[in-house]
Amino acid sequence: MRLTVVNPNVSDELTRRIAGAAAAVAPQDVDVLGVHPSGGVPSVESHAEEVVAAAGVLEQVRAHDATSDAFVVACFGDTGVAAAREVASGPVVGMTEAALMAACLVAHRFTVVTLPTRTRAHSERVVRALGLEHRCTVRAVDVPVAHLESGSTHLLETFVAESRAALELDAAEAVVLGCAGLADLVDPLQAELGVPVIEGVAAAVGMAVGLHRMRLGTSRASSFAAVPALPEVLFP
Amino acid sequence: MRLTVVNPNVSDELTRRIAGAAAAVAPQDVDVLGVHPSGGVPSVESHAEEVVAAAGVLEQVRAHDATSDAFVVACFGDTGVAAAREVASGPVVGMTEAALMAACLVAHRFTVVTLPTRTRAHSERVVRALGLEHRCTVRAVDVPVAHLESGSTHLLETFVAESRAALELDAAEAVVLGCAGLADLVDPLQAELGVPVIEGVAAAVGMAVGLHRMRLGTSRASSFAAVPALPEVLFP
Amino acid sequence: MRLTVVNPNVSDELTRRIAGAAAAVAPQDVDVLGVHPSGGVPSVESHAEEVVAAAGVLEQVRAHDATSDAFVVACFGDTGVAAAREVASGPVVGMTEAALMAACLVAHRFTVVTLPTRTRAHSERVVRALGLEHRCTVRAVDVPVAHLESGSTHLLETFVAESRAALELDAAEAVVLGCAGLADLVDPLQAELGVPVIEGVAAAVGMAVGLHRMRLGTSRASSFAAVPALPEVLFP
Amino acid sequence: MRLTVVNPNVSDELTRRIAGAAAAVAPQDVDVLGVHPSGGVPSVESHAEEVVAAAGVLEQVRAHDATSDAFVVACFGDTGVAAAREVASGPVVGMTEAALMAACLVAHRFTVVTLPTRTRAHSERVVRALGLEHRCTVRAVDVPVAHLESGSTHLLETFVAESRAALELDAAEAVVLGCAGLADLVDPLQAELGVPVIEGVAAAVGMAVGLHRMRLGTSRASSFAAVPALPEVLFP
Amino acid sequence: MRLTVVNPNVSDELTRRIAGAAAAVAPQDVDVLGVHPSGGVPSVESHAEEVVAAAGVLEQVRAHDATSDAFVVACFGDTGVAAAREVASGPVVGMTEAALMAACLVAHRFTVVTLPTRTRAHSERVVRALGLEHRCTVRAVDVPVAHLESGSTHLLETFVAESRAALELDAAEAVVLGCAGLADLVDPLQAELGVPVIEGVAAAVGMAVGLHRMRLGTSRASSFAAVPALPEVLFP
Amino acid sequence: MRLTVVNPNVSDELTRRIAGAAAAVAPQDVDVLGVHPSGGVPSVESHAEEVVAAAGVLEQVRAHDATSDAFVVACFGDTGVAAAREVASGPVVGMTEAALMAACLVAHRFTVVTLPTRTRAHSERVVRALGLEHRCTVRAVDVPVAHLESGSTHLLETFVAESRAALELDAAEAVVLGCAGLADLVDPLQAELGVPVIEGVAAAVGMAVGLHRMRLGTSRASSFAAVPALPEVLFP
């Protein structure tokens, strides 16, 4: 099985780290490929950047569809996932929806800790699309995505503080990391908090592999029916 | 006051008709300009086309921001509206949110009749973002947007039939037209049904003018804070 | 266009100030008339006073319907609005629903700051009728409506404090003033907070004008069908 | 214990029949008194009539508070109940909320069959205030309240037909009679349908007696704090 | 009328106190019997213990059905209530649902104070089944049920502190005691707080008596149809 | 990895078929074991049978915990899953929650087709616990579980009919099979309908394997903290 993980920003380093996080949990017979758009934004921290990033996700899904059994979109907020479902032949899983579902399976209530603060609305959009407002709160640390470029363990204290607030004030029983590129934070944060810490790319890999093994793909019945002729969007 | 109405598809004819519908309800001292992206899709009937159209909305909002007091986005589903709010200096109103709000002011329950059928999910997304599921149902007629190119009165019977089903089965008391380019259907449909028929571009014009007169613009506090440097997305 | 603004309490001074706030945002060709019931309550701060005030709203809507193109009801909680819709020939807009809708157009989340504290339930009733619990919180300052009689700028500090709590604790991005008669607070509060401050009477004027220009009135299909013969309720 | 049942319309005959329905289920040591306003409307079939009726409910609650341990408001839609809670010394129970609660105790899903059709919004208001949309649908038969003046058994067939539709199409397992004055319909309808048929006045009596025996009254903490000086509203 | 109150744990002392609380509010012609399972758990503080307790509730309902007109299940979380409805000939009322309904009748917002902390999810399950999330918060004090064995007045201070937090932070206007066996706390807590304090067993008695007087039982239409042959579950 | 699939009824044949369905989608390095309780009910078609079945699930989870890395509970309605989470060392996944999550990943709206009709409430309980009412309807065919004993392909026509109703009337885009033991229906039903058909045991296997690979287990923070000493429940 070939699983393509699309990082919607243009960072090589983040793409490599995200693909690594995916490969770490994928079964041995799954070949993980990490890709990013040919142009666009260095990070997705606004609705405007989401527009550019979604065009990039579409570009990559079209480019790799013939050789991919399934896609994971590695952007918290699941930018471009609905569109990718129309274009990809196999299943497409967003890291946000996957993380929230995994959290439901291990905790009664949980909290997303996303970044930066202004993107809380992006997380809330997915929480509400799934109907999970009664089980999930959204918190944020005000760190730009750029700070994750070379790893995220330097953010441990920041995440511990916000997560502890979630455990105490929101009755959270698990924490969802609200950004791709935080896989190296899972173990130390879990050690500090003593509750499950959920990384969405890893969760999405599990679900994409599961769907593939069930031979399930996106329904073509209506909302995600194939789109015959779509013009390119170009990046300068 | 200069009000720019962005049609997110590339049809000159539809843009002209949409701008006409906007101008028809705008106060005399409001100058209405209709624009469309420099490239993209002939119609927005899928999530993938929404991605392209949103890039086009961004392009036009950036191009006209310096000379516009407010924007209306004329696409049912409000594609690109959140992003436009970050980029525009003045308020931005989507035709879908405006139509649903106007419907709330004249009816207890109401129904969107959108087109084509596969886009019901786009309408439902806005209905849910506003929390109006308890008052609004979404129905569709399976007509491609292309059929509206030169007017929509030939669709009267189709809309009458679906709207009557809404009045009888959904207890609807008003009908929201679920696509731009249907302004010429308002009067004949209203005459047939005897209930308010709401056209979203017109509704959005009223709300954009109202916000402007109150000197209200998008909050920069968090979710829609300005986005400093956004790369272009190009259309071939 | 003649727009009649009904203040449901019996204060001449508040009626004058509310009508002034309405006129300030109305287009030049709109003639704004402020009225209040012939009897009733000096302020609406309880459900019982709402009953009296609603009778007063009905009285005034019946008295002025022949000469009014549209009505605005200037009571936070939208007391009597549903009844007024059955009786008025033109559209009727409540200041609460209008304020919440305007807030949706400029902010992802927002907070009503109402007064006095015991009336939070009245605001929450409208928030829930519109389905906006996921975007709107309700806070209060414990000031009686009587304190607004001769202006509200002396309440600036109180509103700043409660609004700051909303921005920090509720992730609000805009503030809705939860009472009529606070129009003079909009500018200083906005200056202090740096986020949009929304006054409902002004918002309702914009929406009523917009509906009128679209020639939209209340649906007579079912819930708001005309009421043929309604007895008077008298004020001693 | 003295329990006062307020019929908010001015029909002597309906008041007598409603009080009889209440007395039939009240324990022996409960003295049931039926009252109606000194003026107002012959029936409550619109929001405008609700305004008048609510004034009448207030009038009667004030008149009988000194001699009543609890009140039941016998109007589907619970007109005036919130206001009555502020004015009455003892607990106040609306027939609609009581009927919905009783239905929850005997059925997973259920349906209100109200009358006339235009009042569905009134039932839905209470359903939503209680949060029961997921368990309760609202249907209507288009019969004016006046037709209940001298009994309702002639409506049996009409109610059987609408109730059967509820059982089949809405998965209802019980039926709530959506109007006062239908007590004589309970037994024949139950016999026809084979499912519980719930009459709200009877349900409200049980709950008012229960609250009284627990010595529970309306909280004065905030929303329903006492209202010191309320002017009269007069009926001509 | 014979009313059987099932305490789902095996404590004789708690059963006696719960039956006493029920008898204290029951009308004179109601004979209250308190029972507990022949085996099982000393307290119900987890989902696993709920499984055992539900088996015990079923055992007792089957054992006493022939001689009972109605049942009250005295476990916060309403463990086994749905199953008991299928097995009992008369109505079955859970203490949690009854307490929440009673709270709705006397307060706009209210708070459950349950124990121990880990059981908040059990309370929330019932709050959500009734749709009351918008009016009810759930708090907890971290006291094991065993501490209630010989009365609960020693917990007064703990409950006062948590309840005061609810009144201030959650805008609660009444408090629901989230465990059986707290009846002796009602009066002192109410005296301290000045708001209604609701004990669920007492509330359930009132509702069970009310249903019985209306001759209402569980609907057999679908979800709670009778279960013909159910094997015993044994306790060692 | 050892994955234990618990069938909560006592049928050897169904257990074998369920384990087979699980093994068919499990990766090669996953050893699937199918078990059922030592006593209890032949099928779970009522809330009362759920009580017995939950005791059986607990029995089996305790018996196999030492040798299992994860559990799947193969009962539509997820009977006993919350309790099993407290008792199992590794993750526990219910087939219902897993099926609904998988459906969310491949369709905008979908429908559960469960059996028999009386168990719709059990499916709705899980739909609501996940907050998916806006995307998922529940339908039923009135077939007893016993009819699945030796396979389910004879039910193809029945399922096709109900599923077609879902596609047309509920706008469903995928179908969830609402019972264990229907794995042999997936392919023929999918062939007939042309939309994804989701079998919950297979979906649960994918998610359990995914959680295991992420080394995620149930949070012990509060709701699902370990339960120290739980008495046995015996089956005669």
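Each chain carries a letter (A, B, C, D, E and F) given by its place in the written order, and its residues are counted from 1.
One rule holds for everything that comes next: contacts are C-beta pairs under 8 Å (C-beta built on N, C-alpha and C of every residue); 3 or more make two chains touch, one makes a residue touch a chain.
Chains and their UniProt names: A, B, C, D, E, F = Allantoin racemase.
If you're wondering where the values come from, they're calculated on a predicted model, not measured in any experiment.
Chemist: What are the mutual neighbours of chain D and chain F in this structure?
Modeler: In this structure, the chains that contact chain F and also chain D are B, E.
Chemist: Pick same or different for copies chain A and chain F, depending on whether their interface residues overlap by over half.
Modeler: Counting shared over all numbers used gives more than one half: same.
Chemist: Going through C-E, D-F or D-E one by one, find the pair whose contacts repeat those of A-F for over half of the pairs by residue number.
Modeler: D-E
Chemist: From chain A, which chain is the farthest off, judged by mean CA positions?
Modeler: Most distant chain from chain A: D.
Chemist: Could you give the separation in Å between the centres of chain B and chain E, each centre being the mean of its C-alpha atoms?
Modeler: Centre-to-centre distance between chain B and chain E: 51 Å.
Chemist: Using the average of all C-alpha atoms in each chain as its centre, how far is it in Å between chain B and chain F?
Modeler: Averaging C-alpha atoms per chain gives centres 43 Å apart.
Chemist: Calculate how many whole Å lie between the centre of chain B and the centre of chain C, each centre taken as the average of the chain's C-alpha atoms.
Modeler: Each chain reduced to its C-alpha mean, chain B and chain C end up 27 Å apart.
Chemist: Two-or-more-chain contact residues of chain B, please, as numbers and ranges.
Modeler: Expected reply: 108-109, 120-121, 128, 133-134, 171, 222-224.
Chemist: Touch graph of the chains shown: is it line, ring, star, complete or other?
Modeler: Other.
Chemist: For this structure, give each pair of chains that are touching.
Modeler: A-B, A-C, A-E, A-F, B-C, B-D, B-F, C-D, C-E, D-E, D-F, E-F
Chemist: Given the complex with chain E, which residues does chain F contribute to the contact?
Modeler: My answer: residues 39-41, 46-52, 54-55, 57-58, 80, 82-83, 85-87, 117-118, 120-121, 125, 128-129, 222-225, 227, 230-236.
Chemist: Note which residues of chain D are touching chain F in the complex, please.
Modeler: On the chain D side, the touching residues are 108-109, 134, 171.
Chemist: Along chain C, where are the residues that touch chain B in the complex?
Modeler: For this pair, the touching residues of chain C are 25-29, 91, 93, 97, 101-102, 104-109, 130-135, 167, 171-174, 194-196, 198-199, 202-203, 205-207, 209-211, 213-214, 216-224.
Chemist: For chain D, which residues are in contact with chain B within the complex?
Modeler: Per the stated touch rule, the residues are 120-121, 124, 128, 133.
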